[in-house]
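Here it is, the structure, as structure tokens.
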């Protein structure tokens, strides 16, 4: 029993980091552009498809396919931001609707190219680690490490570099930051692209773990938004912890409770946390 | 606000026009309809079957149509996409029956679609045939007021049920305990109800686990299952979930699988990690392609028709080929009945013979299909053994 | 004046003898009730509720199950459904507004609640028949002068039933919106702190608006489920809520009846343009995007502006 | 006694914005509260109007404890405040802004009967607000802008509308936060008239200003606060001669 719980704790943490990478994108875009971009889920889906296509279709080695996919998605994110989201800055509802429309468009495109038959990438790194009866698939461990590094890097970049501080300052007080010479337009575009890139990375790594269908985006964006919110939107490390909280809640929850309610455990936590801390766990207000 | 009324009026008219123009059709054409989800999370069956029908209709028309009572007819296929949404299905079916005057409708495979259209379809009992694969249809067959219904798939349970034979196959292997891991949706529950009984009567232990459709990471529930040490895992239907379940199950030491819906794909991808994978496959194309010329021809035609190099071996058996057969079988029945619009006669004809196409298909007296199928057993390393079953 | 626009709708069945068009309109009217009531909460009070689809589904279940288990008529069942939804909405609304959840937070928490309700309905097999859904064996009845009490069957009867329902909904909601209470809603939407210092009980009127909106959804739910005569947990899906938002936006947020136009377009679209599913999905997405970017005031807003300009 | 403020204190974290403030207002008083910028005047008003919850102390309103009540309860009790930089429903017309402010009047007049007016055949309850709205529009010289969107008003106009909305609430105690700041001469005179009219109708006024402008003449009692504490209270002329006050304004050297 214990090893079952420990195993799911680990698994929950790993699955959680996949939510976290989306949550991170959500938090960044919200902080800088004032909208919640639900299309990040679709970007993740695209990232998965592109990675799969590059490695299984075009025969690019997986470690190279992923960065390529990330670059593509980041570029796409940039284009979409300039073409659409530039006009919905700081308008939550409009941004939401546009991103939902964008989801339909992207899914439609994927359907036209790859149909709905689930795609499965070759196994990049089969096999598992066994530690005292606790089983962790090797690839999952890799995914966890990569995502963790990226999240830490993002945190560092935002707190240590000028651009990062500019972003932070902007998120706190847009006018002031603008006065201090932060070039708003560039900043927003950059963050949009970066968030898209994060989603693309999530997708690229996802492809090595699960089968790919056009619907995968929706589940992950919901979990991502949940994570970002229960952590307190705007907090980098918060979104990380938030993702893990949801992942663990699902993993451990479905050991003791009926697995059919899997999705509920995260939601219940979310509601409870918001009721006792309406701005989220890590919110600084 | 008057603008509002004007715009409403405008759109109403445009809809009307659109549907009327759609209603206009040529003579000597037999319209056949299809109500299936060709997109959406559960579209595999609908998508594949619509492919099969498109091929069949094209072949028949290319061959100059068919002759009934001295007249030559061509087929016109009307297959909108329900997207798995009952509301759309209702409207589409109404359009078929009332405007396009379609008398033969194939589908649906999805239970919620069937439930959605059933109320309306009943009102047209006797005026058309609905030939669908949805498991729920089984429970409606033969009831008064349901003469319009036929079911185009083997039924799991019962004497000639393929499920019974599948369980029997497992019992012969000396299996004591099976753990089911099913989608928590309509078919999932139907399957649970059927196989709970089937395994009980075969004296095999049966344990139920459920997951939300859309789940990707099953390791939690799988870990829980493997703690119970079952002999075989009975994973959900559709490949969308099978690939993930099989991979994650093998990682956790669950290496034996038994399934009644879904393809061999997951087994072949994980052939080095599984020990045994028993699947119900309506027809094992990889083998049949070599042994049966008809099948080889079909595969060739498929590649030509859809301009693709690779034939979806794992998906095709699910239905595209069975629906391909159904069109030919329907045409044959019309010939035998000597009419294209007397639904009752055509139905009687359908039930009156065995069609020998890719499949050997016949209907039982309730209007449910019985066809031969294969039990494919994949061993570690990908060694495959096939058992051909011909239900009585 | 604007009531005149109902007259062409009354006449439609005499002009258009086409069941498909009428069916599309029936779905449009029912969806219209849904969108109009949603717009009370969203467009007029400024609260983005994602609970609307849940209210719709809950009432559908409550109506049918109460008819089965209490042996009451459809109309009583609908009242049960409405009361039940009212009760749930009061609880959920009170929680959200008492803890002063705003914008995104409100949206997500209401979404969370509807997801939880969906999961309960989905897994409470003994009572709701779970994912298999329920096939209705009962039909609503109506007293028609000269013909007595008759069951509501056939597209034509449903057409008029749903037309009356949506007309009543529009009438009722415009009474609210153009009253002192509508002004309270507007003040909350525009500047709730100021409203507070002017003596308006923000909590109370947010709650009133939320509940009033969900009641509309409840009525729509009972009608819809009996028209399709089938319910399953998909009624609660997020897509439903999103479709409702799309209708309200496409029609126009600032007029009570405008969302009906959005409902018409989105209901009719799949059947007017005959393209494959992928293309249809593409078009749907483009419509949403272009509406926001090119006509944020919606179709009716656009027409209204043109009229003012002319 | 109308309102009694007892040892009112507000701390934000370490900062004490208002400390141990006590004073009383009688029916019909016009009290000016003076103090340099950042001396805690606005915070004091926000405490009285319930925008902030006091850290300590009481607000006794006609013998009833108000501290901790929500703003709308306090407004209903009869205390209404205007904002230093005007708060409006920008996209609504001037008339509608005032009409919204009529909510309390409606509530007092119609009570629960106002629910009935939602149903057909019962007339609009807001109808009987109109004469009052017109009166206030005239009083505040806003008739010309009746149907203009509030956002289109000049700064002075916006401040006037703020006062007009406060009047529509029919307060027994009106708290004005720097009503004069940023106004031109005519606008000041107009404001002065409005306030005198209020006094004539016996409305109690509590006006804060950082400088002793026209209020000096209007107020019949002045309270000077500095660093959140009361340093002087009494007739304006005496108070403004007080050493502490001069110090607070001009610094020690001039004392």
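By letter and in written order, the chains are A, B, C and D; residue numbering begins at 1 in each of them.
Note that in this section a residue touches a chain if its C-beta (ideal position, glycine included) is under 8 Å from a C-beta of that chain, and two chains touch if they have at least 3 such contacts.
Since this is a predicted model, take the numbers as computed values, not measurements.
Shared contact partners of chain A and chain B, listed by label: C.
Using mean Cα coordinates as chain centres, the one most removed from chain A is D. Centroids of chain A and chain C (each the mean of its C-alpha atoms) stand 32 Å apart.
The distance from the centre of chain B to the centre of chain D, each centre being the mean of the chain's C-alpha atoms, comes to 74 Å. Chain centres here are Cα averages; for chain B and chain C they lie 35 Å apart. Note: centroid distance chain C to chain D, computed from Cα atoms, is 43 Å.
Of all residues in chain A, those touching 2 or more other chains are 111, 218, 258, 260, 263, listed in ascending order. Residues of chain D in contact with two or more other chains: none. Listed for chain C are residues 122-123, 277-278, 281, each touching two or more other chains. Applying the touch definition to all chain combinations yields A-B, A-C, B-C, C-D. Within the complex, the chain C residues that touch chain D are 175-176, 179-181, 183-184, 186-187, 190-191, 193-202. The touching residues of chain B, when paired with chain C in their complex, are 1-5, 7-9, 11-12, 14-16, 18-20, 22, 38-39, 80-81, 83, 86-88, 90-92, 94-95, 98-99, 111-112, 115-116, 118-119, 136, 184-186, 188-190, 210. Residues of chain A touching chain B in their complex: 1, 4, 7-8, 11-12, 15, 111, 115-118, 120, 126, 128, 135, 137, 209-211, 213, 215-216, 218-219, 250-255, 258-260, 262-263. Looking at the complex, you find that chain D touches chain C at residues 49, 51, 70-72, 75-76, 80-81, 83, 87-92, 96, 99-104, 106-107, 114, 117-120, 124-126, 165, 169. Those residues of chain B that touch chain A in the shared complex are 39-41, 43-44, 47, 184, 209-212, 214-217, 219-221, 223-224, 227, 239-240, 243-244, 248, 251-253, 265, 269, 273, 312, 315.
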